[in-house]
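The following pair of complexes shares a single chain, subunit A, combined with subunit B in the former and subunit C in the latter.
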Partner chain A sequence: MVTKTEESELKNLEIQVDNGGGGAWEYLSLVRKLKVRRSDKVLKHGLSILNDSKLRSKLGADEWTLYEQVAVAAMDCQCLDVAQDCTKALRKRFSESKRVGRLKAMLLEAKGSWEKAEKAYSSLLEDNPLDQIIHKRRVAMAKAQGNISGAIEWLNKYLEIFMADHDAWRELAEIYSSLQMYKQAAFCYEEVILAQPTVPLYHLAYADVLYTLGGLENVQTAKKYYASTIDLTGGKNTRALFGICLCTSAIAQLAKGKNKEDKEGSQLQSLAAKALERDYKQRAPDKLPQLTTALKSLTLSS
Partner chain B sequence: MAEDLVLDTAIRDWVLIPLSVVMVLIGVLRHIVSKLLRSSQTPDIKIVREGQVMLRARNLRAAANFIPSKAFRARKLYYCNEENGLLFVPKGQATNPQAQMFSDPNMAMDMMKKNLSMIIPQTLTFAWVNFFFSGFVAAKIPFPLTQRFRSMLQNGIDLSTVDVSYVSSRSWYFLNLFGLRGLFSLILGEENAVDDTQRMMQMGGGFGFDPSKGLSVEKDNLDITQHDWALPNFEHHAEDVLKRVIS
Partner chain C sequence: MGSNDLKYEVSQNAYIKLVLHSLKHPTSAVNGVLIGRISSSNDTVEITDAVPLFHSQIPLLPQLEISLILIEEYFSTKGLNIVGYFHANERSDDFELGGVAKNIGDHICRYFPQAAILLLDNKKLEALKKSKSSSAIMQLYVRDASKNWKLVQSDANNRFSLKEPSANVILLDYISSEKWNDIVDFDDHLDDISK
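Showing the complex of A and B:
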């Protein structure tokens, strides 16, 4: 995850470069370092550097890194001729390079020739079975073709080797959620939380999945995770506030016959309701009556 | 015993500074040569996998209190299961990493190259120092030392009455050897080939990357870990946070 300072630095550089100030190369290096996806800007500014032969020669050896970065950005923006030119330039310079081979295969994938790309990726992986990027591209290709079960299979195989890659776990969790395989999604979200326990996004997603699974225990756990999201975001996350209200009413419904402790729950729910009302008053005052009726129905049904 | 010897400034100009400069230059040269000679290491898939397993187990231990206890227990079992747990390495199979490293020709060559690149410049420089810069007092150490250090620090000086604080250039060489490490990490970046002391420590304490032992260590650590679910506390915190937001 990108830190706040890095994000603000990136934004500043972006504004600066967009408005004609210098610093394009620093912006591109920062994008490369943080691995963020800003393909249109990278393409625009990268091409402006590459087309200007003076700036290009100033880069020296970094010129080829820039070629690679612009090629990938061009493929992302579907400017395939630009990507092909960059790949050709790289191929002329480094003819026997694995990285260039990878770019060629990615170009095939971008064009849509799936079988050829698949063959290219498999042969690249035979030479170098530990290239994470190629594994991930295979998963992405399966996903793009709509072959979700194939994507799951490839991703599982990838995770068998690289099981500490939390981004991959997150991707798997989202795929499972989209397929409504919530138990597996919960497992994957647990892995992600283990890797990065203080990111509220994952707590929220895990709570969503648990709430969707249903059942008294799951909903109680979900409520706890919504509470932790509120704690981690300082009460600003609207979805978590709604989650608390829904969970409390669901627990009350499910536990009607069991007569469990409900005094601590109601305080959290009333607090969350008040926070929601305040939030709506500030940001969307015309929706406030809808909110109050919805909340009232929740408390009534509990 | 406590006389103050006045050392000629020429010593400083012609001994201390050139010696340091030469050591820095030799270090840089070694770094460049090692970069040129370095063969690309293709890591074995098994080793990568084991490294990742250890990372995952360590994450589990670190953040165990953030997931529900059922999930934690299920994972603990998955890792530490006696028959097919992830971290379990049967006794016979525990590959002795030393033997493995020597049997793999690439790695053996690599290690030999690294060792040579460390030993040869050190030996040569030491011999050079001894040949050219021996037989006189080179510097004075600012703090007093006991007589024990005499043989170590005053090697070329054959006077037994000189204070032990006055040392020969050999000790300046050793001082530089250990002290320039910081300078090299500034000039050459973190991973430089001149980090002898680091490698010496590594070799002294057993081989650095130790897959089989690492796994059983992780397994023991995981066995001990207790699960203390932190989420209920979060609920109370959330209440406080909301109270503050509303007020």
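Showing the complex of A and C:
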């Protein structure tokens, strides 16, 4: 997960390199550090460094890291011969390395030889049962083959060992959501919120899942999490503001007989609505009329 | 005439927008709504435009509701309705219409009973670069009497057609010029409302 400053730094470097302004190595290092997926750019710029022997020798020992990065990017872009060449170069240098063994298995996976890749990964795991990347490749393979229940099983096993891997919890939550198993998805988000309570993204996703689950209690809790998202983002998160409006009208519909929450709920909703209108006025004035009508229809139905 | 006999015609504008949207996000599922109207002769549903919706968090309800409300508002002033739903699966070999897509389709059907779902056919998309076919690279699903979504065979009856037969040529042109970067979907809008 990338912060806004990191994202803009990355974008600036990307534009600079794309337009021939140099700085390719800095860009590639930043991509590696942030673990973002920019495979076509990595492939293009990485290859331009590797194919130029002067630039390559300047890198020194980092050359091999670059080979690995380009190999993975090539596999993502389905340029398997490039990936094969990089892996060969690495194998020549580090013939007994587990990392190279992992690349070889990934190459099998990229080619679609699922069984061979599965065997390779299993044997690598026997020697090194705590290698996170290999575990994740297994889950990815199951998902790619359409074996969603297998992917869920592997991912659950992985999380039993590596409980602190938030990205894995998020992936599991997304898989559950796509299968409409919203309760399980909510559980995953609860785990990450416990671990990282100051990340607004998780609060937002949790609130979304709760709203989708439905039912008065869930929607009320969802409203609380939308509110905490707004708190954590200083009121700038459009989705959370919309979420509050939706929740309030849903609660009003679901709780037609009870009068307790009315005043407090409608205050929050009108605050959220005002904030949305202010935002749209400032940044997207041509969309304001639709927003106003939409908000009115939400308050009317409450 | 029941919805069994309705024809569906997709305009180039809508068609290209939807395919470019899925190409912009090749690693995730995407979806969108189809906008249009029933033709005056009451036998064709004309899909004149499309609004790309999301490329993440698709199965979740809140943003879907907001987007449908806002879209309905915007287009009803122009006399158009939401007439269908578009979906492209995450994996290139997944040709099934998933549960989420069906649910959203059902929801749209409540407001527009002849709504259709279009599913991107990835095989045809790949083949497009080699062949010069002019047929649409999507599959059409309509609801039959028992409320199940059924695939309409693309060759029979010509029920699903592209309004302008040159749409695929223009699509290829846009693909090679990477025009998908100009596509802004609802997800992008929610992240930055100036888009």
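Convention: the second predicted complex is superposed on the first by the 281 of 302 C-alpha atoms of A that agree within 3 Å, B and C clash if a C-alpha of one lies under 4 Å from a C-alpha of the other, contacts with A are read in each partner's own complex, and residues count from 1 in each chain.
One rule holds for everything that comes next: a contact is a pair of C-beta atoms (placed from the backbone, for glycine too) under 8 Å apart; a residue touches a chain by one contact, two chains touch by 3 or more.
What you are looking at is a predicted structure, and each value in this text was computed from that prediction instead of being measured.
Undergrad: For A:238, decide between first (touching subunit B), second (touching subunit C), both and neither.
TA: In the superposition, A:238 contacts subunit C only.
Undergrad: Who does A:193 touch here: subunit B (first), subunit C (second), both, or neither?
TA: It touches subunit B, and subunit C stays clear.
Undergrad: So in the superposed three-chain picture, is A:68 touching just subunit B, just subunit C, both, or none of them (first/second/both/neither)?
TA: neither
Undergrad: So, does A:85 touch the first partner subunit B, the second partner subunit C, both, or neither?
TA: Neither partner.
Undergrad: May I ask you to decide whether A:14 touches subunit B, subunit C, both, or neither, giving the answer as first, second, both or neither?
TA: After superposition on chain A, A:14 lies in contact with neither partner.
Undergrad: Should A:118 be classified as contacting the first partner (subunit B), the second (subunit C), both, or neither?
TA: neither
Undergrad: Where does A:6 make contact in the superposed view: on subunit B (first), on subunit C (second), on both, or on neither?
TA: A:6 contacts neither subunit B nor subunit C.
Undergrad: For A:298, decide between first (touching subunit B), second (touching subunit C), both and neither.
TA: The second partner, subunit C, only.
Undergrad: Which residues would you name on subunit A as touching subunit B in one complex and subunit C in the other?
TA: Of subunit A, no residue contacts subunit B in one complex and subunit C in the other.
Undergrad: For subunit C, which residues are in contact with subunit A within the complex?
TA: Residue list for subunit C touching subunit A: 27, 29, 57-63, 65-66, 69-70, 73-74, 91, 93-94, 98-100, 103, 190-191, 193-195.
Undergrad: Name, in rising order, each residue of subunit A that touches subunit B in their complex.
TA: So the residues of subunit A in touch with subunit B come to 128-130, 160-165, 187, 190-191, 193-195, 197, 221, 223-225, 227-228, 230-231, 234-235, 244, 264, 267-268, 271-272, 274-275, 278.
Undergrad: What residues of subunit A sit close enough to touch subunit C in their complex?
TA: Residues of subunit A touching subunit C: 37, 143-144, 146, 174, 177-180, 205, 207-209, 211-212, 238-239, 242-243, 246, 279-280, 283-284, 287, 290-291, 293-294, 297-298.
Undergrad: Give every residue of subunit B touching subunit A within the complex, in rising order.
TA: Per the stated touch rule, the residues are 42-43, 45, 48-49, 52-53, 55-56, 59-60, 62-64, 66-68, 71, 75, 231-232, 234-235, 237-239, 241-246.
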